[in-house]
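In the two complexes below, chain A is the common chain; its partner is chain B in one and chain C in the other.
Showing the complex of A and B:
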């Protein structure tokens, strides 16, 4: 039950972080917090249903995939910073229509 | 043996990057051979090829691969579109080192997509989806221009959120079923009463797939990503990547895991109809060639979802047929836009005009692609739309069948506008010295156009075998 509360809490923090901030890096941090919430949820689900070994295998894979994704994302953010000289989301508005 | 379809592209990436002299020159030819082999492999009738020992890869979670007729259609599309995208790299990427890297990433994406098409458990499905998604992020941002980076960032953020929702769904399924295999979860869901956690898991999963396939309320990233990507990447993305990451997985999950319920059907029909109509209206107002094609892509995905939403075997077969047709005509049209962009240096359709004389092959193939997309008989697109409309009518969703027909008229309208502004009408004096694009853009376009006409004429034969074999995916 406790872990369920924490999962929901982390979800809310992550979504708030993505929605409320105007900084590209903070948006990625929000995404990371969301993934942490899901990681916790998988472990909690494994513990509750008695399949902790399965949950462990899944969580390690999720962490590896997440690291790769965030590396690519940070590379893209660095590229945007080179052009815009700022990390403001409001300047990422060239594509419209 | 079907694991070869995943392992061979991966190992060819490793081999191509060995420090051997001259091996980089093999990249293009090797990748083309792989895509041709993949298209040929689909026709291997041997059932043993398509099944592997479920415990061959490890003990903790069973890693199953197998293919039914739906997966084979998808595998064929992957081969076809990667073939076209590889050819497009030859003209659109001048730098040979850059082209080598691009081909490597295409191979990784192909391996990921083959994995998605073959996976039989929900977690390896997630891993392959991420391999596909991450390689398409890199493909979009490949030229490192600001538009590509912006498009890639939007895609990364929305795809990341979709991944989180999907993983939450997987965790909930695991909590209830204690396993990640399709078959086990399916059995548990059938016996279980519909409690809150199951409905939540199904809902999260379906919303994640809607985001990944760029359907109408969640479409924000798709036109930006398609427009900003390099030409060859647009061909791959529009032709297969989003269709597989979103629509195919949706069909697979609905058929093999969740099974249809009235609520799911009505959500699918609503979202499908919304995308089919609103995206077609949005496409009417675009002045950028690729952006118009992107909105057209959303609208066609709406059609596929309408077919799935009918919930019948006929509807699923029509959806699969439309995925195949969409892969053919949309990669053809994106190749045409690449040819026009390459020769004119612009994508603004207001500036163009009268290109039919100067670019006869591009003009002819784009007419075939547009008419197939609009559903004009006897081209291939007509048959799949007909099957979808008939499936909707027979399932009793008559209003949606009418909407589908109306959407088709809108499709014809925006493609006629596109044709008139780009290839017919008054020539622009600024572009009077334009010549036809090179062989590497016209050759795959001609092959795809021939395939569209051929598939259209022989559809009655294909359909017979096709629908008969589609009964098996429900039984299995």
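Showing the complex of A and C:
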């Protein structure tokens, strides 16, 4: 119960950061905090239900996906900076489509 | 019991500092701190293998990636950061109030709140589950890793100069 409350608080921090920041790097950091909340939720649920080892296996998968996602996202952010010379989401106007 | 509560409060405080600090470099360091505190919580819940992954990858590799992108892009000078501080604090000033409000509501509404992290029961080995029961997950991880490598290669490949 206690860890669930803090998972909700972490979720709020992550979503607020994504919604309120104009900087792409800060938005990615908000996404990272959301993933931290998910990680804590999986571990707490696994410990509560007595399936901690399964939860650990799932968390390892989550971490691998997280690393790949952040690496590609960082590449996209650097590309956006090269083309727009800015990381402000309001200035990203030259996207195709 | 007290240490559990303290570590969880420290986790949320580190995350809050990460999103509210003005410098992106400090944000990256705050993210590493958040991961380190999460690692401590995982160790306390006896999730040792996941905690080691969290510490080495999330507290080690990912902040390095963020520091790299900050140094590559050089988003703002110190003067620009000071100028943007006011608007940033205006946007983020509601966040601590929302957190305290939601936290109080959840504590008051939770009928059986226990101030202790749940302890696990003994079961099968994590390695056995990962290698024998969740083999499809491993295949997915390999595919995602290859996809990530391909994506980065496409993003950073040298483009031909137009004549």
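Methods note: the second predicted complex is superposed on the first by the 93 of 97 C-alpha atoms of A that agree within 3 Å, B and C clash if a C-alpha of one lies under 4 Å from a C-alpha of the other, contacts with A are read in each partner's own complex, and residues count from 1 in each chain.
Everything that follows uses one rule, which is that a contact is a pair of C-beta atoms (placed from the backbone, for glycine too) under 8 Å apart; a residue touches a chain by one contact, two chains touch by 3 or more.
What you are looking at is a predicted structure, and each value in this text was computed from that prediction instead of being measured.
Shared-chain residue A:13: touches chain C; no touch with chain B. Of the two partner chains placed by superposition, chain B and chain C are both touched by A:76.
A simple residue count on chain A separates chain B from chain C, and the partner touching more is C. Looking at the shared chain after the overlay, A:38 reaches chain B, while chain C stays out of its contact range. In the superposition on chain A, A:27 contacts chain B only, with no contact to chain C.
After overlaying the two complexes on the shared chain, residue contacts for A:51 are found with chain B and with chain C alike.
Within the superposed three-chain model, A:87 lies in touch with chain C and out of touch with chain B [touch as defined at top].
Across the superposed pair, chain B and chain C both touch chain A at residues 14, 44, 46, 48, 50-51, 53-55, 57-58, 61, 65, 68-69, 72, 75-77, 79.
For chain B in complex with chain A, the touching residues are 60-61, 123, 127, 130, 133-134, 137-138, 141, 144, 146-147, 149-154, 156-157, 160-161, 163-164, 167-168, 170-172, 174-176, 178-180, 223-224, 227-228, 286, 288, 291. On the side of chain A, the complex with chain C involves touching residues 1-6, 8-10, 12-14, 16-17, 20-21, 23, 25-26, 28-30, 32-33, 36, 39-40, 43-44, 46-48, 50-61, 63-72, 74-79, 81, 87.
Of all the residues in chain C, the ones that touch chain A in their complex are 4-5, 8-9, 11-12, 15-16, 18-19, 24, 27-28, 31, 34-35, 38, 41-42, 45-47, 49-50, 53-54, 57-58, 61-62, 65-66, 68-70, 72-73, 75, 88, 91-92, 94-95, 98-99, 102-103, 106-107, 110, 112-121, 123-126, 128-130, 133-134, 137, 140-141, 144-145, 147-148, 151-152, 155-156. Those residues of chain A lying in contact with chain B across their complex are 14, 18, 24, 27, 31, 34-35, 37-38, 41-42, 44-46, 48-51, 53-55, 57-58, 61-62, 65, 68-69, 72-73, 75-77, 79-80, 83-84, 92, 94-95, 97.
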